[in-house]
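Lettered A, B, C and D in written order, each chain numbered from 1.
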Amino acid sequence: MENNNFFQNKFIQFFLKIVVRLLFIAIWVSFLVGFILLSHVSKYLVPQRSLSVYMWADKIDESVLHKFEKETGIKIYVNYYESNEELVTKFEIGKDLNCDLILPSEYIIEPLAKAGFLKKIDKNRCNFIHRIYPEFMGKSFDPNNEYSFPIYWDMIGLGYTKSYFNDGLPLNSWSLIFDKNLIPCKQMGMVDDSREAIFLAVRYLDWDYKKLDENQLEQIKSLFIEQKPWIGAYTDFQQGYFLTSRTYPLVVSQREIIVREMLLHDDLAFTMPDEGSLLILSNVVICASSTKDDMIYEFLNYIYKHDVLMHNCKEFCLLPAVKDVLEELPQEYIGIEDILPGQPAFERIKIFPNILTQKQINDVWIAFKSF
Amino acid sequence: MKSIKLENITKSFGSDIILKNFNLEIPSGKFFALLGPSGCGKTTVLRMIAGFETPDSGEIYLGDTNISRLPINKRRVNTVFQNYALFPHFDVFDNIAYSLRIKQFAPEEIERRVEKMLKMFGIESLKHKSVRQISGGQQQRVAIARAVINEPDVLLLDEPLAALDMRLRERVLVELIELQEELGMTFIYVTHDQTEALTVADKLAIMGKGGHIEQVGTPKEIYEFPRSTMVASFVGSTNILHGFLELEREQLYLRIDDRNRILVPKIDNWQELLQQKKVYLSIRPEKVELSKTPLVGFSNHVVGTVSAIIYHGRSTQYNIALVNGTVMQVFEQNEEHFPKETIDYDDVVNVYWQMENSVLLKN
Amino acid sequence: MEFRLRKIALPLYVGIFCIFLYLPIMILMIYSFNRGGFPAQWQGLSFCWYYDLFHSVEIWRAFQNSICVALSAAFLSVTFGLMLVYGSKRLKTNISYFFYSNILVPDIVIAVGMLSLFSYFMVPLGLITLIIGHTLLGLGFTVPILKSRLDELDYRLVEASLDLGASTFYTFRYVVLPFLYPAILVSTLLVIIVSFDDFVISFFCAGSSAQTLSLYVFTMIRSGISPTVNALSTIMLLVSSFFILAISLLQARLAVRDGK
Amino acid sequence: MFEEFKKLIKSETYFFLITPACIWQAAFLILPIVFVIILALSFGQGSHLVQNFTLENFQEILQISQIRIIFRSIKLASITAVASLVIAYPVAYFLALHIKRFKLFFLFLLSVPFLINVLVQVYAWFFILERNGVINHLLSFLGLVKKPVNFLNSYFAIYLVMFHVYLPFMIMPIYSAIEKIDFKLIEASYDLGANFRKTFWHIILPLSMPGVRAGFFLVYVVSFGEYVIPALLGGMKLFFVGTLISEYFFIGKDWHLGAAFICLSCGMLFLSAIFYNWLFKKITMQSKIIR
């Protein structure tokens, strides 16, 4: 009887109702949380003898990886990313990203190392260090090569259609793309990377790329705005397509993209302007969260092997940072003369140190793309 | 105020032939009703007069002008639609003023004429109400007002009462008659309800299935002298007896079974009918007398048993099964609370009627 | 004159419109059978690009991811949508209308919002986050469809069933569910298509860690023309047209069954 | 006691049923939007995303470049919505009022592009518009141009594909609105002396307005945040709202500014939508007034 009274009290009933509802909500929320946590579980589902590698597309050929898997029984999971910034974002989001090895560009290593995402490399376990050109070692982003070793290098230059420019390019200079009076064609392709574009502008203006002030950035911005009318497209991927389809006769591009097309089309050529250009280094780094050291070093030593590196370089027209491979690499895969380390032209390719903040770069880029 | 003439109209939708060589003449200034069962093509006739459909062949004349190829908006004919088709995004005033505004009358003129209409239909208070908010009867008034403000030669009404309830219908019918008298324009009223048509029309046409006219005439003519079984049975209720004709001493008899024959009036073509094996006769139930005791002075007499009694209030309907199996309906007025003679189930009764009150039908 | 304008000009216009709508897709499909790599030069019939397509490991992986995400998202959004629609009908709340907004909020806002949310709670991006995003998108489609179907259900049927002593579950299973069945099928197919086609949410909430077919097409388009993309697009087109055809037929049958 | 509890839980079954969808909506639609607003109003870095609350982000964002980009997107969305409205209306009108047979087939025909992958459609246009594409071949075959024309990487390409992709979004609501109009109303209008032009302007248009509005705002809002088409067909020469947002979040890594930009652009979107709504009301009023 008393029980009944207890339940029939309106206030109690209301209270119980709320409790039950909260209970239901809690049940569903816990289901949801469990579902989300599933994403962490996937990490434990991969086989023990496996490596997770993050890299750009077209850096290591799949056949090479298959061979490695066959030889050692270590499974390689490859994740491709499309920009260094995307990689960093991913790292910041999932702190314990299931990752062992990364092949990033040079400028991203410093922030990654600072944030503690990278592990120091044990030089004793690497058998390839002596083969790397000293020119690529000890650069400003990692002075003692504690975290990284270079594996490929490349530069920005001009790709063009020979049949359009019968006597070759009128000038071998960045003014072809920046100077209104000197542009050789109505429309051309330009890189769509703010850092690279700023560096090229600095080389054209012949400023010291190691220190830039706000005033100079303003001038670069107005240079870009001025340049816009004769730029057909800003792109990081389509340069080869633009040249071969004859959409634009002249494009600013990374060498490897153009050389890949040069192998198939005789009509194309690549050149590096006399003012010098940007050096891009691809490096190997190890994730701090990785615990698979043995396998990592086995893999590292494997990909630096002469044959393996040669295969990748020929497949994707990459330039190796390893001396014995580069010296043997046929000229057609290099696509440009006198560029090897030690030769005079090489002196004019420089790394762009991280002297600008991301915000400064953004401001320039957004401002000129808003016009 | 113009008459309408339809000549040799043929109309088909796809492979369905709705009308074939259809002819009809509608006199001017009259309330004309077009009555027929649903699906007989009466709405198609109306839509052709309005211009929504063009006839495949044949001509339509409004007065002396041929309007069969004239666009809808050029005809001086307006329609009151079945569900009124009031423009939902306009208020009452705008709905009524629509056609005047289309014709670009001066605003003051529009105001004056719409006000007049509103007053005439007694809906001044609804002037700025949305048409969605007003009742069915009010909507109907608005629809009629909208159609007649244009002062058309002919007003077409397509079953305008279908959406109203019984009680309202009777009142609106009377109002429609008054309206027609007041405006004097030709009204063409399409319906499948015979009481509406009989009440309202000066003249009416009955359409049968297959899209042809069965009979045209005043309500009285149609009711009292139907020319076909279809008309007789469609308009009001009737008893249809059949048999074959016999001529004896200049008198015409209808032999309905071996023992009974009925005296029938002569009509124009009785000689033709004499040859036919099956001839029909219509006798309205209210024109028949019923009695248990023999009566004198009637020209016809049959005997039957009562099979059903249905009490209607003002009258009682008796179903009498004749010897040959035919069932006749008889309406008796309930004139007295306590009739002298009560008729019950299974009573054997005499059925009497006068020869003149029956009609020989053409088929 | 006016009459002729509507009788001739309008159908002509609609015809041109249909050509505009379909021509690009048709050309794309035709050229996926072109032997040559360059567009617009017909060099003979060939299935080589399809051969290439079926031998690419990456495409298969992207395809598997897409299938996995689409099916999970369809299952989740239809289940949840069904529960919501039925529950809110019985509770007589209008909460369902709230889900109509999912289509109206720009994709990119949802995507960026989720990205920042996931990053704050450190949820690694991947298939799970993708499923979450697509389920949200899917709810915007399933809830309106299921709701409008449920509204057509004569509620007295449910009451009659309950009145005859059936339990809530039994009523749902044998009265409501059979009635909703076509709508459930339609919305499932729709969510699968939407999930397969979605780009923006996939791009932000998964990126490279779980590449879907859309993302794969995106990366391929970014580097220019490739006949393999033609072949892939053709297959995707045929599959989605098949699904849409199934949806249309279902709806047509539904209309017939309801005697409309 | 136990019985009572069972009863209580049973009475809340329906609440149990509606919870998961609501939680989903709250956690992944409301919460992210709230989160974007918080990000916009705060300052922080790396893993400490929210440290201090500040309005500085908006100060930073309220610059001529960003405003210009927002207006560019508004322009893009407006032109897309208005033009596809004008293009789509006759089609929807024809489909709803003039087609009697094979209606289902035509509806199917129109709903296929509606659900085809946007990227596939973009690629198809890419294929047609490019320098060696079908159009250039056709033009040179007809002798209209001597040298192939670059259609890609231009406003022309962006708008063309925007129309193509968003037209079905416009047709469907307009079609269903016109379909709902009682044909008797149109007949009544003719009957009362109106010609086609007047019937259309005073009857059909106002009555199809709900569909027009739905289609317009659907296209307007969705094309405002469009990312793929400007990115792939515009040669990345110009930033639109969609591309800038992704720039902020992926390349620029400044989430706070990105969030502030989202808030700002959504605000502008809202204001412009209010303006268009007002405009629509005006037009509806106008079309009701008969002169």
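Here are some notes:
Following the convention adopted for this analysis, a contact is a pair of C-beta atoms (placed from the backbone, for glycine too) under 8 Å apart; a residue touches a chain by one contact, two chains touch by 3 or more.
Bear in mind the structure is a predicted one, so any value in this text is a computation, not a measurement.
Using the average of C-alpha coordinates as each chain's centre, B ends up farthest from subunit A. The chain pair B-D and the chain pair A-D differ in C-beta contact count, and the higher one is A-D. Measuring from the averaged C-alpha position of subunit B to that of subunit C gives a distance of 57 Å. Chain centres here are Cα means. That of subunit A falls 34 Å from that of subunit C. Multi-chain contact residues of subunit D (touching two or more other chains): 15-16, 20, 24, 130, 132, 195, 249.
In subunit B, no residue touches at least two other chains.
For subunit C, the set of residues touching two or more other chains reads 38, 115, 119, 132, 222, 225.
A complete list of chain pairs in contact reads A-C, A-D, B-D, C-D. Chain contact summary for the complex, subunit D toward subunit B: residues 182, 184-185, 187-195, 198, 202-203, 206-207, 288, 290-291.
For subunit C in complex with subunit A, the residues that touch the partner chain are 38, 57, 115, 118-119, 121-129, 132, 207-209, 211, 219, 222-225.
Residue ranges on subunit D touching subunit A, taken from their complex, read 1, 4, 8-9, 12, 15-16, 19-20, 23-24, 27, 46-47, 64-66, 68-69, 72, 130-132, 148, 150, 152-153, 235-239, 244, 247-254. By the touch rule above, subunit B contacts subunit D in their complex via residues 50-52, 71-73, 77-79, 81-83, 85, 87-90, 94, 98-99, 101-104, 146-147, 150. Here subunit A touches subunit C in the complex through residues 35-36, 38-40, 42, 57, 62, 79-82, 86, 89-90, 92-98, 235, 237-238, 240-242, 245, going by the rule given at the top.
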